[in-house]
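Alright, structures below, take your time with them.
Shared between the two complexes below is subunit A, which pairs with subunit B and subunit C, respectively.
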Partner chain A sequence: MDLFVQTIINGLILGAGYALVAVGLTVIFGTLHIVNFAHGAFFALGAYAVLMLQNLGLNYLVAVPFAVLAVATVGYLVEITIVRRALYDRGEYGSIIITFALAQAIVAATILIMGPDPLPVRSPFGQTAISLFGFFLSAQRVFIAATSVVVLAAFAWWLKYTVRGQQILAVSQNPKGALYSGINVPLIRSLSFVLGVAAAGLAGMLLAPLISAFPTMGDANVIVAFTVVILGGLGSISGAMLGALVIGLSNAFFETYVSVSWTSALGWVLVILVLLFWPQGLMGRTQINRH
Partner chain B sequence: MTSTSSQALKLQGTGRAGSLGKGVLIVLAAGLILFVGLGLQSTFWLNLAAYTCGFALFALSVNIMLGGVGEVPLGQSMFFGIGAYAPAVMINNFGLPFEFGVLVGMVIAAAAATLIGGVTLRLTGAYFAIVSWGMSGVAMVTVHNIEFTGGALGLFGFSRLAVGPFDLSHPRTYFFVTSIILLLVLILLAHIRSSRFGHALESIRQSRHLAQSLGVNVFRERLKAFVLSAPIAALAGSLCLPFTQIVTPESMSVLRSVDALLAVLIGGTGLLYGPVIGSIIFTVVPQFLNFDANVKVLVFSLLIILIMMVAPGGLHQLIKAAGAALRCMSESRR
Partner chain C sequence: MRFKILATSVVAASALFCGIPAQAQEPVKFGVVIPLTGPTAGYGKDCRMAADMAVEEMNASGILGGRKIELMYEDEKGTPQDGVAAVQKAMQNGAKAIIAGMNSSITLAESAITKNKVLHVNPGAQADAITNQGSPYLFQINNTSTTNSTIFHKYLIEQMKPKTIAYMGENTEFNKAVLDNLKKMLESTDVKLVEVANFEGTTTDFTSIITRLKAANPEMIYVVDAYPARTAQIWKQIRQQGGFPMEAHATGTVQASAIRPAEGAMEGVVTGDIFIAEGAQGDMAAFIEKFRERNKEEPNKVSLVCYEAVKVIAGAMDKAGTDSDYDKIAETLRGNSWTTPRGTLTFDEKGRAKAPNFYIHVVKGDGVALRDTFNVN
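Moving on to the complex of A and B:
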């Protein structure tokens, strides 16, 4: 029973971390209609940004907000040079290849600048564990879950109660309609891309103290994020949050009760099953990508 | 869109003159094979040329999906890996000959493609790309975890890599075997392209719904293309084995598919032999540049982005555009 509860706790905390990456991915899909295969690269960029700021002498907690700004800046530059010119309204074929190549380029550049080896990122929470009602939690994991919940709640509030947030929702529902209503659609798309990759970067920063910073650290996480987003329905924000919890819990249970080495295959199996029997995802709007 | 429709018109126009042109092309290709095979003296370049042919086969397989069906097959490396693992397992674990392993690999790849395609080909666009990537991910985890594929270390130290009397450890034999297989596959693909199936596929790629409304069974034709592409990828995996001398779970990695995608994009998706030209550029050019592996990835990735931004149909589009511009200039001068 203790093991069971501990697994549920682990799964929820894991899921909260996944949600941050997945929501970024789904916001970008919702407004830009591209699947950002470079999402994992921005995840790694976040970790390296915080590492560099630490090397300059900043405390981890102070470095994180600046690192988010740095990732957002890189995201904006990528948006205006590549994404905007090459991707909008051009079908998915091109966007898949371009964002994938972008991911490869960023990873290769990171290896060339920072080296291929994992570099440790220090955090004030270190490797300490908190004991709560007899269950053990890593302090950094609790910090990840708490930050993720706060950021996502703030983001949901912002979407619902501000004009800009409503504009993002409008563009994702109907870009032409939004344009005719006087919304600056290119600006909203830039904003969504920047917000999305910044969320990925933030997730990278949060996870870096646990797994260190290494150039391909984003791969595993973006794959999980894909499974989460597809499970929840591409473009659906609440679906991404729900999907993250489902994937987090199922991964935790699979690791505890079945096998650690096969866990990475589990997410894909879930995705394939969902796409087969529930093609629009748990909370997706319409099925447009099937025939 | 205009370039693709003019291509379709050209296809219809090829009659007897087209088959004569094909004959000339085949003779030219055979001449090129003889020239390269007899002309090259260094074992390194012969081996590399042979590997290039194997890689070109993989690029052709990827282009059946990319240029033919219009989907991005990120997981095609899985079939490449099956083709590399099958002979390796047959030789090392069962002591069976290489050729037998190659055939087993192709059969397994075709069977896997039928099963997987039956499930995933109802999806399109990003959904297909992601699931296809996922399939190769699952395959990678699988060969990593089962024992007879050698785990993370993979398999190596093969006793004899030969096709019948032809020993593939001799670079020249290796080159002739792979290049002739490549030529045969190209001829096969050219035939398929001008067949009923080829036309159906082209119509699906241009407009799925229109094709469906005209009575083309979209799902079945897409599945046929996928099942055709898989054994070719497996054959490529087998034929790269004498060059690499080792097969690891990495051979199933999505990066393999990306390499092939790049080769296809450089050569052009619309041309039948485009992927072959792209593969030659992709494997030969870096040999002269003496790049670090990561610089190579960086340069090639940026190249992909650039190609997709300025010439999504392949670099020959640029040459065509430049030619058109020159013609325009000379005409206006007159």
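Moving on to the complex of A and C:
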């Protein structure tokens, strides 16, 4: 029974971390219809941003918000110089090639500037473990889960109850209709891209104390994010959250009770099964609503 | 035009009179296929510094009749497909020898391309399967995983005396060889292997795996992973879950690039390798000192084997009097002994070198401390 409860805890905490990586990916796809293969590179940029601020003497918790701003700034520069010029209204195929090239360029630049070796990112939670009713919780993982829940809840609220949030949803549903309604579509697109990459960066900052900062740290995480996003439904924020929890819990249970070796295939098996019965993913919109 | 003819005549006449073959001015190119990007790029960086240092020494010594050695670096990016492409590119660009081998699965793929075509020296990859193929021009500088694991496992079983072991490793050729060796060695003992968890390289979190292993209540955890960032992550997560009474990590894979980001989580972990800086003497001490001076960094096993690979290839080509008669070069490599910082290396029929010594390490601070030394032969 103890192992069962511990596995649920492991799965929920893991899922909360996946959600943060996946939400940025799905926001960019949902609003801009860009399959962002550079998501993992922005994830790594987040980790390096917080590391550089730490090296300047800032505490980890203070450095995180500034690092989010730094990644958002880089994201905005990429948006106005590359994404806006080359990707909008060009379809998903072009975006795959260009964002993949962008990812390679960011990783190469990171290696040149920071070197290839993994670098430690220190968090005040360190390697502390919390024992609650006999169950183990990693303090950094709890921090990640709590931040993830707060950020995602705030984001969901912002989308639903603010004008800008509603404008993002309007552009994601029908950009031309949004333009005719007087919405500043280029601004909303920029905002969506910046929010998406900032979420990726934040995920990198939060996970860096666990996995260290290294140039290709985003690769494996972005693969999981893709399974989460496809499972939840491309472009659906609530779907990404649900997908993250499903993958997190499934991975934890499968690793603990069935087979460690087969766990990496599990996410894709779930994706195939879900797509067989719900082609739009668990909470995706039907194609008729897309343009 | 008249000047060109005159210049050519002067060069030709000089070469003739001095008795230097026309090819004397052409450099001998070695293709160095290592990870320059990707998760093991740190190994590539360590290898490159050492290979460059070896070339500087060789070129200054006037070896190969004064022909300069030129290294052509290609990036294998930590994947077999990129490794194969990089080896092909180096061969097309005229490499007379290929130095490639940091990861066993990648080296296996690369060796299919070099087989019977070009001299291939694998500096670091350990899996026995690489040299079991019977490729006549393939040589290995590092010990095989069986050689290293046999000594290490004997140490774990006889010196540390765990009653139960839980094992976790990345699902690779290297891991398979180590696990097979461990299972074989445990057959004749009372030590039980209570859990085996082979994970994929795409695994991003190890909490559930460690929970599973802890549930089996083993006395020893044995981790087999060669990727520095992941090694640090695994040990951090092991520490967060309270650790295990005895802890060991696969041989030849624990470098400072894993220990530093682990931030103390690897303290006390037992491992082993063919290299240790502590207590080095003679040629090894000179190598370490020169490496530190030139690169402002600490050398490690990867630096050592890459340095040795360049020197052994250059020495064999020089002794054989050819850079492209691979039968002759291979025969020279097998038929002679080679002086390196570790001592004297000899290659067996399968092209495997055996390091004279194997060291048991224990992680201490940002490095490793010597716990025991074994003679390999």
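We take it that the second predicted complex is superposed on the first by the 282 of 291 C-alpha atoms of A that agree within 3 Å, B and C clash if a C-alpha of one lies under 4 Å from a C-alpha of the other, contacts with A are read in each partner's own complex, and residues count from 1 in each chain.
As a working rule, a residue touches a chain if its C-beta (ideal position, glycine included) is under 8 Å from a C-beta of that chain, and two chains touch if they have at least 3 such contacts.
For clarity, every value in this text was computed on a predicted model and none was experimentally measured.
After superposition onto subunit A, the partners subunit B and subunit C occupy overlapping space and clash. Legend: residue contacts after superposition of the two complexes on their common chain; A:223 is shown touching both subunit B and subunit C. With both structures placed on the common chain, the touch criterion links A:150 to neither subunit B nor subunit C.
Legend: residue contacts after superposition of the two complexes on their common chain; A:211 is shown touching subunit C, with no touch to subunit B.
Legend: residue contacts after superposition of the two complexes on their common chain; A:111 is shown touching both subunit B and subunit C. In the superposition on chain A, A:86 contacts subunit B only, with no contact to subunit C. With both structures placed on the common chain, the touch criterion links A:264 to subunit B and to subunit C. Shared-chain residue A:97: touches subunit B; no touch with subunit C. Once chain A of one complex is fitted onto chain A of the other, the partner contacts of A:14 are limited to subunit C, with no touch recorded for subunit B. Once chain A of one complex is fitted onto chain A of the other, the partner contacts of A:35 are limited to subunit B, with no touch recorded for subunit C. Superposing on chain A, the segment of subunit C with clashing C-alpha atoms against subunit B, chosen from 42-50, 60-68, 78-86 or 366-374, turns out to be 78-86.
When both complexes are aligned on chain A by C-alpha atoms, subunit A residues 107-108, 111, 223, 261, 264 touch subunit B in the first and subunit C in the second.
Across the interface of their complex, subunit A is touched by residues 66, 70-72, 74, 119-120, 122-127, 129-131, 133-135, 137-138, 141-142, 144-145, 208-209, 212, 218-219, 255, 258, 261-262, 265, 292, 294-295, 297-298, 300-302, 304-305, 308-309, 312 of subunit B.
Remark: subunit C residues 36-39, 41-42, 44-45, 168, 171, 197-205, 207-209, 211-212, 215, 228-230, 232-233, 236-237, 239-242, 257-258, 260-265 touch subunit A in the complex.
On subunit A, the positions that touch subunit B within their shared complex are 34-35, 82, 85-86, 91-98, 100-102, 104-105, 107-109, 111-112, 223, 226-227, 230, 234, 261-262, 264-265, 267-269, 271-272, 275-276, 279, 289-291.
The touching residues of subunit A, counted against subunit C in their complex, run 3, 6-7, 10-11, 13-14, 17, 107-108, 111, 115-120, 122, 126-129, 136, 138, 141, 210-212, 214-217, 219-221, 223-224, 251-252, 255-256, 260-261, 263-264.
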